[in-house]
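Below: a set of structures, written as structure tokens.
Look for subunit A in each of the two complexes below; its partner is subunit B in the first and subunit C in the second.
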Partner chain A sequence: MLQAYWYITKMRLITSLTYRFEVFASVGTNLILMLASVFLWKAAYGNGTEQVQALTLQDLTTYTILSIMLASVFVCDVQDTIYSKIREGQIVTDFYRPIPLLACYLADDIGGMLSSMVNKVIPLFIFAALFFGVPWPASPLSFLLFIPSCLLSYAILWLLSALIGLIAFWVMELGNMGMVKDSIVRVLSGSIVPLWFFPESIQTISKFLPFQYTYQTPLGIYIGNIGVREGLMAMGIQLIWVVLLYVLLAAGWRRSKSKTLIQGG
Partner chain B sequence: MEAVIEVNDLVKEYIIVQKENGLRGALKGLLFPKKKTVRGVDGISFSIAQGEIVGYIGPNGAGKSTTIKMLTGILHPTSGTIKVCGISPQADRKSVVRKLGVVFGQRTQLYWDLRLGESFELLRRIYQIDNSVFEENMAVLTDVLKLEEFIHTPVRQLSLGQRMRGDIAAAMLHSPSILFLDEPTIGLDADAKHAIRHFIKEINRKRGVTVILTTHDLDDVEQLCSRLVVVNHGKVVEDGPMVSLVHKLAPHRLLVVELQQPFHDLEHPSAEIIKQDGLKIWYQFEKSRISAAQLISELSQKLPIQDLSVKEPDIEDAIREVYKTT
Partner chain C sequence: MVNTIRHYFSVAACFARLAVQRQLEYPLFLFSWLLMIPIQYFSGIWMLKIIVDRFQPLNGWDFPELAFLYGLGLLSHGILVVLFINTWHIDNMVIQGAFDRLLLRPMNVFFQLIASYVNFIGLIDLIPGLIIFIYGCQLVGFEWTLGNIIKLLLVLLGGVLIRASLFISLGTIAFWTKRNASMVGFTLSMLERGTMYPLSIYPYVLQVIFTFIIPIGFISFYPAAEFLGKGSESFQLPLNFALATPAVGLVCFMLSQWIFRRGMKSYESAGS
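On to the complex of A and B.
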């Protein structure tokens, strides 16, 4: 069984690596986004905006660069995969194989993630290093904490995406739901602007939502704004969210099977 | 013979939201959707023994594909029971699908971006097929379905006939004991159809694979099936040996003759002229009374024939005709 998943991952990795144009387009747009964000922070700091929680310009530059790199690595195609397969009725072919569907989609996304690391993150890192200097972590220890925190972040993002995909079993016209979710994640995860710059009330609410634990937690750990003890605690909360979302997904999945509608003959 | 598939009083209901025309209708539908329950499958029962080739036929929308989807555990029935090799596909989908090979003619289970051979490799891992078994099956399948020409071609570049052969091979890799074929010859040319029919006969004879076939092609039915289950409006209307059913449903054939010049004495004792349009004449004749070859040779002796063709009756039309329920 594990062999099957690994084969799916490997095949996705290989096929993704052959899409050269997609790589150029993605690196290009991300590079523009990176430059624009960093210059925005420079402008804001240059005008004498007071520092927030002792964040330096260098910290925010590193935060932004890393955030954009993470966004290209965190491949969560599962919501679109489920949606389009249900819409076209193609999901039947997955159902008559003796293998859990969601695990296959995860294996596929992991393949996409591995290929992104090679062909998107490396070029972005090189460009970023050339323009703004190498974005070093605050300390070796914060880098060590950053890695597992990223894995937990990905788990949260993937589970959210799969949950949105599940809705397609009930509502055929899922349409923009995925986009709405993606926008909410972008803003509330602190991937564009860290939540530390947001009003107190939003920060409080956001503590009880899963979003800030997807980008802000690992990035805060990386730049040292979240210390070791706080970092470990934040990772504990990440883990709680992973378990919670997993239980929700498993329950939803079980119910969805009896609801399955298949489009077309 | 032991039954490998047992279906008892199967019912599947759908809820359909009726949409009304125009903007007002759309708004009304948004606020107060009008729902209607439709029975796609309405109390179907049958049992199939190991080694049978059963044609499951009926017009579009008769509930054929829905039944197949319930048999494979994809859909859950509203009521009724299904047992495939003694197991309910709804309760234990994974054990049931291990014993099944499924081909939906209008879809593919092959991976669009991968080469055909890579799709097979993936299936080998999913079904955990032993290497020796896999290689043996591959050798047989490659030989019978002539896969070697395109096994290294990406699936998206295959022709329809090649893709269908690939799909059938994919369904047979794990040596299933039951094969579901949903319109396996749809849109194929004569050569590809022939190859696929030959293959179905082979695996049935050599391996005793039970085959359930839905099709709109009368030739498929006549050449392959020993038994027919005919459905219409979600109900089984006939279940019996192929020969007698085909005769009952479609006793007539048509011979279309085009003459070189007008001719007077067109009659033939065992054929009836049902239509005439200039130099074209349509003869209807009963298969049991006269063979096409005999009729052609007798007619060509007296008529100046330019061109002719034999037409098979459309089995769906015949079913609709015979089992008018509305």
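On to the complex of A and C.
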């Protein structure tokens, strides 16, 4: 059973590693985003400012670098996969497979994630280390917490993405709804500017939304701004979101399967 | 001559009508852009406001000035997206053989390339651009004199030409490599970060590159500094930047046309 998934993951890993040129350009794009954000923080700290809300420039540099690396690891193509499979009618052959379809798509995305780790994160890390020094975690313990927190983040992001993908079953023409979701996530997850700097009211609202638990939680743990106890609690909330979204997806998936309409022939 | 121009106009109008019809075919697509583009750019300026509020002005640029700069950069981006978006897809046209079709018609190839897709969905990019720019103008107390308006229009023209030249040159690469989609994405993010934040926050080397080699500093940073009466701390170019931008734009555009023609000479069809 697991072998089947591993095969899908492996195939994706191999195909992603073939397109070298795309990889160079993607690393370049992420490098620009990284440089621009770090220099923005440098200008914001300017001359003399030591700490703002207990965060130093070094903290934010590390936060930014890690945030961009996470963004390239967290491959959530599932929304586009479902959409294009429905548009082109391939979803029907996928339904023939003797294993759950969503799990196949997850295996595919995990393959994408593994290849990103090899050919995107490593070069980005090297460049970041050359330009701004190695972005060390606050302590070994925070690194140990960071890893499981990242896995939970990915679970939240992937489930959100799959939920958006489900809409395609109902409307056929999804347009760029995935990109709409992505741009909301980018802001409210604290991936660009940590939510700690946002106005109070928005911080309060965001505690009840899943977004801040995708980027800010693991990154805050990594730079030590979220302590061990708070970190464990935040991970608990992450877990609650994962369960909640999973239940929602399972219910939605059962309904949409019966709605499947095959176009083309 | 008059007849030729009239002919070109009628062809462009026909292309535009087709493009509009094609884009209206998928309303949800339109709707999703209508949601996404404003979210993206308003949140971008909002992030800058949060940073400036919590910290300090960025290298002497306070929020009103940043809004002015951001809006100016976004306006020229919006115009580019409406008029020149086909330059992003040259590689696709080459691979699918659509480019051959342009070569067969008795018209200027570059004209056909541009005119065949007027991306009116790109007007959506102009909405946040206009709102942020006018808001910035209000905040900095921009004077709407005739002289300033003419300068502004010249800057926008120059900015669009600089952006277009970059994408035309990049698109030409596709004649040789058949693939450049990711280069387009790369250039887009470079343009965004280079034109919407003050150039002076970047290290000296990058400033030199963005002034003399890839002159994107002229799209918004230098003109904004000029309009707002800010001496740019790094370079004291003895120029009136509002006039420099269209000049730089024209030079770049001519250069890109030369590159485009060179590229066409070595074009080999990919179709079969």
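Going forward, the second predicted complex is superposed on the first by the 260 of 265 C-alpha atoms of A that agree within 3 Å, B and C clash if a C-alpha of one lies under 4 Å from a C-alpha of the other, contacts with A are read in each partner's own complex, and residues count from 1 in each chain.
The working rule: a contact is a pair of C-beta atoms (placed from the backbone, for glycine too) under 8 Å apart; a residue touches a chain by one contact, two chains touch by 3 or more.
Every value quoted in this text rests on a predicted model; they were computed, and no experiment measured them.
In the superposed model built on subunit A, check whether subunit B and subunit C fit or clash.
fit
Quick one: is A:Gly236 in contact with subunit B, with subunit C, with both, or with neither? Answer first, second, both or neither.
A:Gly236 contacts neither subunit B nor subunit C.
Looking at A:Ile8 after the superposition, I want to know if it touches subunit B, subunit C, both of them or none. Which is it: first, second, both, neither?
So A:Ile8 only meets subunit B here.
If you tally the residues of subunit A touched by each partner, is the higher count for subunit B or for subunit C?
So, of the two partners, C touches more residues of subunit A.
Just checking: does A:Arg97 make contact with subunit B only, subunit C only, both, or neither of them? Give me first, second, both or neither.
Once the two structures are laid over each other on A, A:Arg97 reaches subunit B alone.
Quick check on the superposed pair: does A:Ile192 touch subunit B, subunit C, both, or neither? Answer first, second, both or neither.
After superposition on chain A, A:Ile192 lies in contact with subunit C alone.
For the superposed arrangement, I'd like the angle with vertex at the C-alpha centre of subunit A and ends at subunit B and subunit C, nearest 10 degrees.
90
Just subunit B (first), just subunit C (second), both, or neither: which does A:Gly133 touch?
neither
Rounded to a whole Å, what is the shortest Cα gap between subunit B and subunit C in the overlaid structures?
Nearest C-alpha pair, subunit B versus subunit C: 9 Å apart.
Taking the stated contact definition, name every residue in subunit A that is touched by subunit B in one complex and by subunit C in the other, in rising order.
Residues common to the subunit A contacts of subunit C and of subunit B do not exist here, since the sets are disjoint.
Show me the residue ranges of subunit C that touch subunit A in the complex, using the header's touch definition.
26, 28-33, 35-36, 39-40, 43, 46-47, 50-52, 54-56, 58-59, 179, 182-183, 185-186, 189-190, 193, 197-198, 201-203, 206
Could you pull out which subunit A residues touch subunit C in their complex?
Counting only subunit A, the residues touching subunit C are 21-22, 24-26, 28-29, 32-33, 35-36, 39-40, 42-46, 49, 52-53, 171, 173-177, 179-180, 183-184, 186-187, 192-193, 197-199.
Write out the stretch or stretches of subunit A touching subunit B in their complex.
By the definition above, subunit A touches subunit B via 1, 3-4, 7-8, 11, 15, 89-90, 92-93, 95-99, 257-258, 260-262, 264-265.
With touch defined as at the start, can you tell me which subunit B residues reach subunit A in the complex?
Counting only subunit B, the residues touching subunit A are 14, 60, 65, 69, 72-76, 93-95, 97-98, 100, 102, 104, 106-109, 111, 113-114, 118, 121-123, 125-128.
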